[in-house]
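You will see chain A twice below: alongside chain B first, and alongside chain C after that.
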Partner chain A sequence: MESPEIMEELTGIFRDVLNDESLKLTPELTAADVPQWDSFNHINIVAATEVHFGIKFKTAELEQLRNVGEFVKLIDSKQKLKHR
Partner chain B sequence: MLDLYWLPECPDWKESLAHARGAAGPWPRLVGLANRRLDFVKTNQLDHLLEDSCPEQHTNGASDTPIRLAVLGSSTVTHLPPGLRVAALRRGLRLQVYVTGYGQYRQELFDSSSALHRFHPDVVLLAMDTRHVLGQMGDDNGTGAVENALSRLAELWQKIRATFDCQLVQQTLLPIFPGIVGSNEHRLGTSRRWRVSDFNHRLRQYADSAGVDLLALDASAEQHGISAWYDDALWHRAKQEIHPLAAPMYGELTMRLVAAQRGRSSKCLVLDLDNTLWGGVIGDDGLEGIALGQGSALGEAYVEFQRWVLDQARRGVILAVCSKNDEANALLPFERHPEMLISRSDIAAFVANWGDKAANLRVIAERLNIGADALVFADDNPFERNIVRRELPHVAVPELPEDPAFYARCLADAGYFEALSVTAEDLERSRQYQANLQRETLRASATDLNGYLASLKMRLWAQSFDAVGLKRVVQLINKTNQFNLTTRRYSEAEVEAWIGNKSVLGLQFRLTDSLGDNGIISVIVGKLDDMDAKRMIIDSWLMSCRVLGRQVEITCLNILVARAKALGAAEIVGEYIPTAKNNMVREHYSKLNFLPVQEDPDGRSVWRLPLQQYAPFDTCIEVHEE
Partner chain C sequence: MVFASYNFLFIFLPIALVGYYLAAKVGATQAIAWLVLASLAFYAAWNPAFVILLVCSIAFNFAIGRMLLAPEREEGTKSRNRLLFIGVAGNLLPLVFFKYLGAMLSFARSISLVSPEFDFKVILPLGISFFTFTQIGYLVDCHDGEGKDLDIIRYAAFVTFFPYLIAGPILHIRDIGPQLLNPDSCRLRFRNLSIGASFFIMGLAKKVLLADPLAEVVGIGFAHPGDFRMFTTWLYALAYSVQLYFDFSGYSDMAIGLACMFGIRIPINFNSPYKSRNIIDFWQRWHITLTRYLTLLLYNPLAMYITRRRMRAGHDASHRDNRTVGAFGSLVVVPIFLTMILAGIWHGAGFQFLLWGLMHGVYLTINHSWRMFGPKAVGKDWGRLAKAGVVVCKVGVTYLAVLAAQVMFRASSVGAAMQMLGGMIGLHGIDAFPVPGSAMTVLRHLGPLHKFLTGAHHLLTVPGEDSVPAPASLALRFFIVWALPNSQTIMAKFSPTLTAIRDNGPRLLTWQPTARWALALGILFAVCLMCLHQTKVFLYFQF
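Let's turn to the complex of A and B:
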């Protein structure tokens, strides 16, 4: 799966979890930019993403994430590992 | 995964959600959506919509006032309320949830000015995490450690009981710890893994003696695996012991207990026959051709399912059959198949014809005198399931798995028949319904009702509330919906307090007849008026619908009048409070010759009966008093 597709599917997950159908994701977007994206919903986003892509994040990986772009990259690398 | 897999999928989720959002009076739509197979994201979305469109009490169609549930947790539990509210919605119940501040449950409980006290819960859910509870065990190396934690917990229960009049639900400990020793973990007394299982085991006895209901997360973890409930990494990240993915199931399991306490568990399992109780089609394949019994894996699977069904019947679930068949064909396996476990006499209502199943289910509910919402309909055929769901949204219709080997597990996982206790009456019930059928048959052939009733040789045993009947009386008070004048619910402690109270007349009635013992079937609570001791107010009057049309009510009134007179009353005052379910007793007091006092616009009415010139009703029932 290519990064734009991941971005699109991730957008769906963010919209569902944050209950905002108009939300647009950009690589630079951070939690600070979206009011509903609090620590509580962050947990939910991670859990929903793991289920959706069939992957599991490591504690250390999650601690390093700074924005949506890095999240997409992380998903991408995990997907590639999975399909190898 | 902890999937609500017995509920049907919702293929057009977003559209349905949007429709419900725009609808006027969205409650029925919301209830419908809650009865779909929802994961945690959809559960949260529905909860959001629920909170937006039905704010606070005004619920457009929800019949009851909201239930107030307080969650007392020691770590992060703020993600649990949506699952709880949606599970309540699934049952048509409105729920308000209060969560104590992080790590604050003890302070809030002991501080009478706290938000918890202001909330005044009907249900308290103790959701302390495993580490927290183990932390209260002290240094003892032996079993004393576990007992320490249990007695601290029991003290907490006492405090809650003394503070709130509520149902108390205690979450069991999740087995979150990896082992130290191995299979023989119990040989290391200090092992946290062993202590959790030891604690959970002993907790059962503590809970039973304190009247606390358990939310058995340990049993669910045993079946679905601990990783479905708990994730070590998530604990370290967010101090969430319950995984967000498990929150819908957590809510579902909890609300089963709350609903059961309010008499909202299902009462009757209605079974299709062909490919549900046996493999194949009896009308086509014949007695030798159907798959049932030893010799084939498929046949054995059906026998195993029948065994589970029979076990349910033996503990009080009513069985019925609803099948598209010629009746003679449908009866054949019951009468002639050597490996058929369920017999005709286990079935309280047997309907086999070519009519539509929704209409037949209505007939079954009517014949058994229960509401359609007390029925669970098990049918292998998706077409029949869907038409019943459409026609009768209150009937529970599980998505049975395609392989009959998993039927029993599916119905068990769906939890329709959740019970908080099993009384002697429960164990007797199927026999009673069966005897009822014989009575019905008698009635059909009898030309005059009085002759029929007289032939039953009925005896009514009236007795003041006592310790022996207490459990059954409380059960009747809390689960009777139809023949119930005021639908007031009382806890065991409240009813117990009336025993020996001179100004309260608590009467329990047991009915026997030539066909068997019906057990305790009616309860009346009369209270002498504080202002005027010559008036007795009937606080509650309820009766099991199994004994309708048998002159029980008028016989009870005869007894009530005599007892009230003995207490010095000159007048009895009755009250009818309408609910969605008790329309059948709207005219109760009028039929008993009470005089109308007032009727409110909402349908509530008050009635009085002067006792001086009261002439007892003639009945066919012989009265026995304690």
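Let's turn to the complex of A and C:
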């Protein structure tokens, strides 16, 4: 799956968890830019992403993420590992 | 040895700095080895015997880390988990022995579980809670495959680096590992020295000029928790609150400045917490690295575990499905309370620390439930004045909640804390409202009004004794807390920390490498030196 597709599917997950249908994801977006994106919703986003893409994240991987773009890259690399 | 002492400033620090940059001429590894030696000497200045404990702890954790990272273990997840368990237990054992065993025994005595003669007293090794947590974090990171290229010298430097060894910030290996591996870090740059020294002086001033002068009077107030009427009790509670603020914030600034002088950047630990608009916000500004640590190692894994289980049971993570009381209980309340209880007892074995953690657990739960079930988007179309009023109310309510918990935190026992809190709501009677002497002078010109306020009704008074905090000195400190930019904003242009800070302070208070700033900070430093004889040990050294 290519990055733009991942971004699109991720947008759906974010909108669903954060209850904001107008939310637009950009690679530079961070949790600080979205008021509802707190520690609680962060867990939900991560868990929903795991289920959606059929992958599992490690604690250390998640801590290093700076923005949505890096999250997309991480999902991408995880999926490639899975299909190898 | 504390940072605010002549021995540290004029003997230890110059030797450590000169040795470091001389050793760097030979090689980066030599410079880092010097740093480890200097840090151990710093620790030994307090109690040489415990250096052995520190060194053993470093050797143990490095060995376990190596075993976790060994390539043949990559596959065998079970044996790696077992190894991690042994490692964590090996860290917690000395912590429990030194920090909690005495208290547990005295509790056991009080309920007649053990004989009354059976006593056990031991001094708490300085910084043990900090270096224990740092190293447990390191083992978890090794378990996840991080920290591969660190040798024993660099690992020892990561644990012992004296700016943060005793009272944090609590670092992860990824914060500092890459910097220790980069030979460029130990190259002498005057920029690092001047930025570091400036940051250090701001921290020193907070500690010496703003926190320490309150120590004595706070001690008096909390030693006699039931003896004061309402407004005086408030003065004591507020005095402790700003003392703790400037003590901890001053320490954090000094740690950042010192690390910077050695070419090392560390994250901020403190970001104007009393400006928080809610409790969730507060925990992202107060003891930031402890919050980060507990979130990462306790809250997240716990919440992830519960969430994954819920999803397997057929729930989804959508907003709709999470807005039920059951989901709220298992997803928010359980992990928050467990995390805050641990945060509480991390500070010590007393019940008041446990209750402090529980209070914050309740606050956070209220905050989260308001976010989830409360009204949305109220006041979007309000005017500017109304919006500003709302912000003031939010900051005020958050601060009051924090203050009540701090009284619990400082009190010698739960009973003493209840006395204090009772005094604050007027259970021990109401006294005249304390005002600064200067305000009273102004009032004196108002004739009859002045007579009414200070006369028979005795509504206002100027606290006369030295044993009561002066209202004006508290007002000055709260002005600095609420109205001025913090040190990292003042220094933001020169990125002295690992944390990205927005450079949005007023221009007059933006640090520049100019003669004017050098002069101002030089004067501040001189004033601090003159007051150094009355310094107190940092409040966070007891944890």
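Before moving on, here are some points about what is shown:
The definition used in the following text is that the second predicted complex is superposed on the first by the 84 of 84 C-alpha atoms of A that agree within 3 Å, B and C clash if a C-alpha of one lies under 4 Å from a C-alpha of the other, contacts with A are read in each partner's own complex, and residues count from 1 in each chain.
The rule we apply is simple: a contact is a pair of C-beta atoms (placed from the backbone, for glycine too) under 8 Å apart; a residue touches a chain by one contact, two chains touch by 3 or more.
As the structure is a computational prediction, the values presented were derived from the model and not from experiment.
Chain A has more of its residues touched by C than by the other of chain B and chain C. When the shared chain is aligned, chain C comes close enough to touch A:Asp38, but chain B does not. Of the two partner chains placed around the shared chain by superposition, neither chain B nor chain C is touched by A:Leu29. Legend: residue contacts after superposition of the two complexes on their common chain; A:Thr59 is shown touching both chain B and chain C. According to the touch criterion, the shared surface of chain A, contacted by chain B in one complex and chain C in the other, consists of residues 13, 16-17, 19, 39-40, 43-44, 47-48, 51, 58-59, 62.
The touching residues of chain C, counted against chain A in their complex, run 140-141, 144-146, 172, 174, 280, 295-297, 299-301, 303-304, 307-308, 311, 316-320, 322, 331-332, 368, 371.
By the touch criterion stated above, chain A contacts chain C in their complex at residues 13, 16-19, 36, 38-40, 43-48, 50-51, 58-64.
Interface residues of chain A, counted against chain B in their complex, comprise 13, 16-17, 19, 39-40, 43-44, 47-48, 51, 58-59, 62.
Residues 39-42, 44-45, 48, 78-79, 233-234, 236-238, 240, 243-245 of chain B are the ones touching chain A in the complex.
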